[in-house]
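What follows is a group of structures, each given as structure tokens.
First chain A sits with chain B, and in the next complex the same chain sits with chain C.
Here is the complex of A and B:
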């Protein structure tokens, strides 16, 4: 007993393995300090540049880790509460990429809205550090910690536009509902702890592989609550109600981060908990996730049809896409996880680019998001319209875009797991969403702009962000090989589901 | 794309002509898109140049084609994605040969014969992209690659209809896109299921020949389900009754060039799909589904013909006549006999030529009179006799008059289907009579009689328009009088296909068919 206490007192932290998170945290703190020294209004976007450099540094520190993990296997850190493996590094890079894209978008946006200052970037970096923590969590408490760090920063970000009532409304809604879902999540952790005697995911996995619970009501209830908490973050139906309002009300660059970074972090949690830790309980959670996936796919696609606000359309479409990623998780296979990783990486670019376009078309005040505001965009700003066209086609799953390949892999995973109907529902839902995308395309390309529509200014940062997203969307659609290999390596450099299981024969245990 | 092209050169020893056929218009589309908006005439010249060059390449393919080869020729193979194995794999046989040539000829004609009235540059860029997609779909020997091309053609066609179409263009374009995508949704799930189940846990491949030549891996029921998923996609594209409702709208609202390509080439993606990804890929399931498919084909023939008779709009009439003609092709395909299949392949080309020409002529009428309503047109023969003569030849070809191309195809289809689907063939013959009814009646109302004031000034066929029509008229007559060179190249591939179906299913071609074959 005494030895255990001493061990707890000095856990092996492995700072080098935690560098990507530490860089983001340190960057956030540093920016908080020097933010006071840098001019608030400056020609050079110092704050944005600082955030981008920090995120790049986080990616930079991930790369040696990636090769180390690929060659020597996963690393455990902080008394096995954190796992540094293929999964965490891959998703960490995706989240950092989301930070870069939204920082690029934010610099022009904040200037336009006269909101310059270091605060949004500090929050963005903090939130991303929480996301990375979630991606690497090997303990439900660390996962919760990451979830809260991620969320609280985003609640504030949603309300960063202080002069816009809807921004405040979005923040409040997001906060109240988010806090509610966190409570569910915490209760789920408690129940799982009660059922298995541990919050450590490896230990839970080992315990479940070695023991058969005679009464698993508590465990399954705990799992269901965990699904609620994480489902809220990824906007899965029926925990999606906040999404359209919050996406509509929040500043558009923040939404770009919500739909890429936050979503990725949420799915990281889902993969860690369900696919890996609870792989022994697959039979119990798979039907649940199946139902959630079907509902997410259909609600996201169908409700989007009746929207007239482009940001709300994109919000519902992001729900639909969450359904696609859930398919990868539902399959519970290596192939499914790979597909989900590929989807998250490509969708981050596409959705960040889409909200980047919305940022610009929204104009000063961030209010011009009706379908009518997109009329004649092809004539007013041909390149911007073309970029949006590429993003919309990618989201519809048209070939030669990354979205098509992503859907293809997900469908492959579903078929591999014999979920043919789920695959079919998914594809049919994408036909319904295609109608939504086509409405936007029609508005941009065949309608004429209303008289006196002011010219659009595209700031340099947004140009870079949207350009990068277009390149990624088309490039990965033509040559998906490198990213496919990376996703594969990521999954192979992660302990297989249930691999931690003890070879001991199953014994019956009382909870 | 350039990386693909570079790898292509390294992989095959000789010049990869089929890749060149697909990539030339694709590169052309990019080049045209980059030309300045203020120089529309340069864009047009560049586009026509690329289209003519592509056409020349397809003629080159025709020249290199070994007449008596039954297997795929001029293969190109470059791996695209490692796992699952997907390749840029192209090849050609007697079934796809003429469709490729038809595509190569019809695009420059559509470009020259029906220029747009605004935004020339984007119009030509989309057309070239469409050409690349169509050619890719006809040449692909990889199920995934085929799907990619099958699906990508939607985008340019959608923009052509919504950007340059008539009043209801937005509705028609959206309907067209969603209908086809609805079908494709089934096909994607089917294709992925096929590849994964066929792999049996081993390495997954989408190679058409591997999947088609190793039959009996899947359970019969599974195979039938997957066939149905493919068939839905093709049925929408063909279109087969009752999934045809997008077609009259899309055809009527599309700009003339769009209609020509839609009818001439794009509908063939569906019928070609039935041959290559139906009969070849799922021989057993195709034979199983044949009675149902034949029934739908015949319903299409009769229904399309009746609807065409009742139309008030000339373009809509031609659109419905397409439903009827494609019903014939479906009938011939699922009769699964030597003559029926040869007739289907030939009729695909015939329909492309004659309906393409009809749409061009209707487009010319609209340009002159700004209406397509039959009731408002009268006595055009008086002011424009040459125009009327050209229209007559094209119309008679569409009706299937002996001596013109339509007859050869329809005759072979009827002979072929009479052997296996006797009564349906009998019903289908009424389609020929109805075709004569609706086309002649329309001709009579539009061209005969005394022209009123509006129609008296109808402009005669211009020289440039005549030059555009000339190759089509030439093909109509040539293929009607001397179809042998065409049929000779179709035959070996069809024979192989029939054997493939027979050796993998209970279907047997009736003895008469073989005897008739020997007698030929």
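Here is the complex of A and C:
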């Protein structure tokens, strides 16, 4: 029978610690109200400016929290269901950065496609608030809610180009497979709850540290389902089938957000659940993640070779990069987590910039994404071609770009964890995908454009976004120190994996 | 109470069967509306599992989870139906096979 109804104590919410999420949510609601009152079309692109200011405010409120957490340790909020620690603040800033870059790209795109209105920005902000919630989740249910807030908004964003059939198709595919993966994730939560008696990640890790389960089939099955659910979101093979289609069909600025913000949030969930809460079950999940990482690295690199559509190539390359980040997670060490954080932060800039270039080259209608459309880009738009060159070199992992250092760290973490074969597969996949990037570079620099190709117009917002991404890609390649230190601080300002917060009771068998 | 004497296993098994039925249905059925129903079936299978486990563990947490799932499922359906309406407003009939511009 159920326990008697107890007097419910109101949990301590700690609003100040939740400010980065609340700012995004509040900004979204405010934009919805103001956007409904003012005319949709205006000369000043204030919708996107509003979204950018909101995301900047979220970052601004994160900074004092960052120092507070660094000096005083992690903060638990809302009855320990939310953790504000180095990990959540670091990844929250990365997600907010993704919102800023996508909003900059979106303003020109929406004007070109005659889709102006506040809706895309409202959805972006809402989605980012879900992402931040995921990054700070200390309860599987909060993680699930964050995942859904993140995803549902992005389903709509994928279909925001209402007159383009491909956009609607991408939205439907993303929605059906996203809902499918959410159901798996949820079933995983139910099984973990059944095995450990709680959905709270701290309680789960305390329970697992103190007890040895005599029968852990349910727990391991639950872990596998959680991996499926989060694997879909980060586009890990074999749960990647939606990625090329959805990236191809969705509006390019939205794809910039999917590949930066959504991916970061998905990895935040993976790190929280696997590296932190289930570190006691490392022996069980590490081989699974190992297999997924190998498949992700190879499929992402090999299938990209056969593509002729640049957006699809970038989609497969983003799958390949997900494999690299999984390497950092697979190691299950502090070093691996730091490497994954560094990778996520640098890759967000690179990939958002890449899809920014695709936004512009796609031209009105967002359809010119074939490799042929990139021919002669160096002559038609030298700066744009140079920016794309930088992004492609960074994704290939060429020295003096952020991509090289990010890859160096994850492979170092894999070697540190004695996963030599994984490191080898990663380097091999990197060589294969370098061929893909080289094809695009050759098309841009050696071929000539077809006769009568119209001139490309680069809107001011896209200039800023691509410029920022180039600066970050080269800057972090030459001076990775500050970001490396930030990633280190982030991991140090988070409870160590498996550290049980409560004193461990004597070991007993599963009740 | 005969139902209580059965223990949790039949309920958990039913939940697993319903979940599998939903998952298979989603993969093999081509009508988007039926695919939605399959997602709902999967989510409700999880709800059944949650409630059974909550009873087994003598903990209200699992029952609370069901409310969260219900709310999320409702929000998901609203968005999903919106997307379907947006796509099929210009077409006749609703089958997923017509949605095949994107492949490679």
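Everything below uses one rule, namely that the second predicted complex is superposed on the first by the 494 of 511 C-alpha atoms of A that agree within 3 Å, B and C clash if a C-alpha of one lies under 4 Å from a C-alpha of the other, contacts with A are read in each partner's own complex, and residues count from 1 in each chain.
Simple rule for what comes next: a residue touches a chain if its C-beta (ideal position, glycine included) is under 8 Å from a C-beta of that chain, and two chains touch if they have at least 3 such contacts.
Note that the structure is predicted; figures quoted are calculated from it, not measured.
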Check: Touch check for A:244: first (chain B), second (chain C), both, or neither?
Finding: second
Check: Touching A:411, do we find chain B (first), chain C (second), both, or neither?
Finding: first
Note to self: Contact-wise, after the overlay, does A:192 reach chain B, chain C, both or neither (first, second, both, neither)?
What the structure shows: neither
Notebook entry, point to check: Touch check for A:428: first (chain B), second (chain C), both, or neither?
Noted result: first
Next item on the list: Would you sort A:209 into first (chain B), second (chain C), both or neither based on which partner it touches?
Entry: neither
Next item on the list: For A:442, decide between first (touching chain B), second (touching chain C), both and neither.
Entry: first
Item checked: If touched residues of chain A are counted for chain B and for chain C, the larger one -> C
Notebook entry, point to check: Between chain B (first) and chain C (second), which, if any, makes contact with A:398: first, second, both or neither?
Noted result: first
Next item on the list: Name the contact category of A:420: first (chain B only), second (chain C only), both, or neither.
Entry: first
Notebook entry, point to check: Taking the two structures together, which residues of chain A meet both chain B and chain C?
Noted result: none
Notebook entry, point to check: Given the complex with chain A, which residues does chain C contribute to the contact?
Noted result: 12, 19, 22-23, 26, 32, 35-36, 39, 42-43, 45-46, 49-50, 53-62, 64-65, 68-69, 72, 75-76, 79-80, 82-84, 86-87, 96, 99-104
Check: Mind pulling up the chain A residues that touch chain C in the complex?
Finding: 1-3, 141, 144-145, 148, 152, 155-156, 159, 162, 165-166, 168-173, 175-176, 179-180, 182-184, 186-187, 189-191, 193-194, 197-199, 244-246, 248-249, 307, 309, 312
Margin query: Quick check: in the complex, which residue numbers of chain B touch chain A?
Written below: 1, 3-4, 81-84, 144, 147-149, 151-152, 154-155, 158-159, 162-163, 169-170, 173-174, 177-178, 181-182, 185-186, 188-189, 192-193, 196-197, 204
Check: What does chain A use to touch chain B in their complex?
Finding: 393, 396, 398-400, 404, 407-408, 411-412, 415-416, 420, 423-424, 427-428, 430-431, 434-435, 438-439, 442, 445-446, 478-481, 484-485, 488
